[in-house]
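I have a structure here, written as structure tokens, and I will follow up with some questions on it.
Chains: A, B, C and D, in written order; residue numbering restarts at 1 for each.
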Amino acid sequence: MIRAGVFGATGYTGFELVSLLEQHPEVEIVFVASQSYAGRSLREMYVGGSDLPLIAPGDAPLDATDVVFLCLPHAAAAQTAVAALNAGNKVIDLSADFRLKDVAVYEKWYGIPHPAPELLPEAIYGLTEFARESLQSTRLVANPGCYTTTCLLALQPLMAAQVAINGDVVIDAKSGVSGAGRKPKTNTLFVEVANNFSPYSIGRSHRHLPEMEQVISWWHQTPPQLIFSPHLLPVPRGILANIYVPLAGTVDQAALRALYEDVYADEPFVRVLPAGELATLAHVVHTNRCVMSLTFAGNMLIITSATDNLVKGAAGQALQNMNVMFGCEETVGLVR
Amino acid sequence: MIRAGVFGATGYTGFELVSLLEQHPEVEIVFVASQSYAGRSLREMYVGGSDLPLIAPGDAPLDATDVVFLCLPHAAAAQTAVAALNAGNKVIDLSADFRLKDVAVYEKWYGIPHPAPELLPEAIYGLTEFARESLQSTRLVANPGCYTTTCLLALQPLMAAQVAINGDVVIDAKSGVSGAGRKPKTNTLFVEVANNFSPYSIGRSHRHLPEMEQVISWWHQTPPQLIFSPHLLPVPRGILANIYVPLAGTVDQAALRALYEDVYADEPFVRVLPAGELATLAHVVHTNRCVMSLTFAGNMLIITSATDNLVKGAAGQALQNMNVMFGCEETVGLVR
Amino acid sequence: MIRAGVFGATGYTGFELVSLLEQHPEVEIVFVASQSYAGRSLREMYVGGSDLPLIAPGDAPLDATDVVFLCLPHAAAAQTAVAALNAGNKVIDLSADFRLKDVAVYEKWYGIPHPAPELLPEAIYGLTEFARESLQSTRLVANPGCYTTTCLLALQPLMAAQVAINGDVVIDAKSGVSGAGRKPKTNTLFVEVANNFSPYSIGRSHRHLPEMEQVISWWHQTPPQLIFSPHLLPVPRGILANIYVPLAGTVDQAALRALYEDVYADEPFVRVLPAGELATLAHVVHTNRCVMSLTFAGNMLIITSATDNLVKGAAGQALQNMNVMFGCEETVGLVR
Amino acid sequence: MIRAGVFGATGYTGFELVSLLEQHPEVEIVFVASQSYAGRSLREMYVGGSDLPLIAPGDAPLDATDVVFLCLPHAAAAQTAVAALNAGNKVIDLSADFRLKDVAVYEKWYGIPHPAPELLPEAIYGLTEFARESLQSTRLVANPGCYTTTCLLALQPLMAAQVAINGDVVIDAKSGVSGAGRKPKTNTLFVEVANNFSPYSIGRSHRHLPEMEQVISWWHQTPPQLIFSPHLLPVPRGILANIYVPLAGTVDQAALRALYEDVYADEPFVRVLPAGELATLAHVVHTNRCVMSLTFAGNMLIITSATDNLVKGAAGQALQNMNVMFGCEETVGLVR
């Protein structure tokens, strides 16, 4: 059995992760910790939650676990990672702390000095489908962001194949409200969100933008600039992004479709829809899938990509990464 | 022109009231006040809101207004009422401070000494349809609660006619989320409310219960005990209540229907649906209506009654009361 | 492996059932049939659905299955049951055809002659928790209705204990929209349902009323009359009912609470909440649970009971019944 | 008084229009017609609807009206227009029949021969803000589509100013479900739409695309190609579009912002938000507004534009056009 601990168990991501871990046949949950709710149980936070007692983060028995998941705000995550690694754990960090390799970029976008820059070189960027080999030997995983996962899986085949692109790539993305967290704020109240639809941080101002641009620069020799426009959808969960790629030169639709089908042919969690079908939230909600479709309009390729932000976009991918790191069947405990 | 001021303008009720006042042809808004947001504008609080500047409550020019509306928490409301009355205003209080005539009952349910018990005798309980005469001469109105309005309008004909009742009257009521206010709380977040439906304070524990029982005791010589079960509906606004009245003796359906139709025949805002139709939220949302239907099942009379909690249940009825108090046409500025 | 077939696989209940069967480790799906969509696949009907081909009902290989599930309209279900039984199958009928033991009652409420009255004596009413012994030996199960399941589980302890009741029992019940089926109708369109809440067939006019009254008459020597008021909730799934029971004589809250806790102490799918907690849809959605809470108000006992109408209220309970009929662990394939 | 008749009064657009006309102080409704529901009343179709009787289209007293509104499917609209014009009416057609000036384009996109091509030359494309002069003298108005209105108002300043554009303009647009009409279909059922978000007809395949491209070709000498991706939002009403314009050359943000502010400075229904604010559905729902915001990201200008599809996108703009045609104050009867 894999002995697991979870920090930050009372947010939406933490709760989703604990729910998945509880059903995983090869995992034993050793502790769930919460700064704000230590001494209570998950059941008090979530109807239907388990009776697991919430402990204070400082009381976490880090020597009794094999893996620790960090569902914490940035900065707090890196500090906890240090302690957990020192105690011999593998660490899967769902925050942004180890996603950006360049400290200067981190500090620009997050506005603080990096809390543990010495760990950055060994942190593996955990987009599972493209990190399996590294995951098997690492002790520190930076779990990708939700928007980022959705968009990178959609862009990887194009980027890795060095397909020529003629202009900015526009990403118009929409997320369910759980992506904004469970801390009460006016703009995520039911009355504000229902019947509404609203953009935020559009253009080049959202923190997932540098993360995406970093990764596509690993893949493409002349990566395009991205324009990224997130929105708040009146649904609890799910992300759907339209990615508009202006292709250079003559477009060979069949070849591009074949490229995608080849890359993802054997992937248990990624599905490329046949021509004529479009990805929707209903394809992915409550699953670890990423479902995508390709639409051609002249020289414009539109990739529509969907995930559940709490599953493939966070807790599910974290578990998928754990499965790889510990040699379990990759799909165990996940809906495909 | 009626010169009006609003305290507590940034909650859902306050904002609804300001929106109604802005469209009222005989009202001039002199000030809108907010403890928390003084110095900003309503437009910063609500997209689509007006540019009216929010002033601090202490800066309110009470000598420049004719009427003041209090959209404040209890206790704060009563204190402001004293100041506003002393400055010569008429006051319409949307809080609970002047609804309960018995100080002991107030103190039991609200847990504090009454802030201004000397004003209770002159306060008029502003269920407009049954208070018109008193409203014309009073300077202080206690605007009824939202659930209370919905249920009292449904019960008044039975109670005033001294119809015999055989057992407890069960009220199963459901409200949209705006009734819970705009202060951020976990249980009113979109993710918690969407796809959910939840009871709260059911039985004999909600603060609107003593208010309802007080008023029906004014009408019926042997008033029934009420069982009152409120719920949170996943909609922004609207209340629908089923009121189950176990009638004593033989039930004369036609006579009871005629009773309701007579009482409300000339009321602009109350509609008794014909047999075979049932009241729904869609009948009332965004209007000042109370729509009700009667269903008979053996000796049980089921009155289904619906209002918009922010309009007839709060800001709309406040404006209706103002219209009566100042001699305007009662329907001006209100959707009927 | 249990070889299963499903008739009526493209409605909400049928699709939920197929989804559950696909994940059941001891079931092999032999066929899924649909009158309207034969020749297509479930995936064409439901994004995320399986690739199972839909066959015409007449082509169903009834000699290749061990159990057949009927997710059909009444009348059609009974006719199919006859054929399936004749071919040697066990039959689990999710329609109303075998729920009512009295042919006259069936014909009054459904308006047609009973299609197979000769089968009524052997049909077991499949409220699993109270039918386990009979289920093991029967070949025909009448799966209870969704509202009925929710209310009967809540009433059984009181009824079986012959608790004295003083008046009508009022049931105010609310259901998600999937209960109305997937056939397009104006009143289940998104625009009609969103922001709305509406009663229908209230009083003593809904078809689940005689079903409930039949079963409580098996339990209680002097069963109360029921008043039953269903509503359409703006959520996709879930039922929550408040059941108001006017108790006769002195109420012993502790004893009644103990009664419920005893009856359901070992039940994997029924949970009686501790005092102070109230059942909500969030407790049950996407699970096979029935969660209930008890509230006392004078002589009135309020039982709040919740299920997922598609799971414990339909497909989940059907599978639970199958598990018992075929000697599987009762909880296999179901979320508890 | 302007004597008005409405064909197709029972769809969402027709009902919205009748509701607006009923509140318009200078309009008398002479008839409301419905092919499917003749003999019934609007109140039977819509709770809260008026008691106006629905007549058969063939019984419409076209000689007793001054203006006729067509809320009909294409083809049916043109045929009715001919009759109404012959009887001396002004006609405001909310269908697509007179929007496309080129018969060949109409026939390509709608798949039928144009029913009344002889009327095309005199039909005025009723984007009110840019058609006032022509509207005053015409007898036939083609009311623009909902997506089209939202996008054209956002593009007009750029296009009319001949701003140089370097590549395709991408429009990622999202609409509430009322845009899909009130005819029952599986894909607009509550259960299908709630918690979902889905693209349809994306790229260059939606019928509003040729309408938009036609109009921008009137404005810009070298109009860009449009990529247009509509989506179904889980809300009843409202459209929000992000329009991505790749600007050629150096971008002068201040000048472009000033351009927009100048064009719309005196428009009662169009609002350009200040820098730092983004348009949302909440700005426009239940109003005749178009609210837009400008965001710059390198050479990309993102115009976010929002309307209520049933008001400014259909019935409201139809009424606004009527006001201009009949010399009323343009804002009468409309929320600005």
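Simple rule for what comes next: a contact is a pair of C-beta atoms (placed from the backbone, for glycine too) under 8 Å apart; a residue touches a chain by one contact, two chains touch by 3 or more.
Note that this is a predicted model, so its numbers are computed, not measured.
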A-B or B-D, whichever has more C-beta pairs in contact: A-B
Relative orientation of copies subunit C and subunit D, as a Cα rotation angle in degrees, nearest 5: 180
Greatest separation from subunit B - chain, by CA centre: A
Averaged-CA centre spacing for the pair subunit B and subunit A, given as whole angstrom: 46
Cα-centroid distance, subunit B relative to subunit D, in whole angstrom: 38
Contacts with 2+ other chains: residues of subunit A: 192, 194-195, 234-237, 280, 282
Residue ranges of subunit B in contact with subunit C within the complex: 166-168, 170, 172, 174, 192, 194-200, 202-205, 225, 227, 229, 233-238, 240, 242, 244, 246, 278-282, 285, 295-300, 302, 304
Subunit C to subunit A touching residues, read off their complex: 46-48, 194-195, 280, 282-284, 286-287
Residues of subunit B touching subunit A in the complex: 12, 176-178, 182, 184-186, 188-195, 234-237
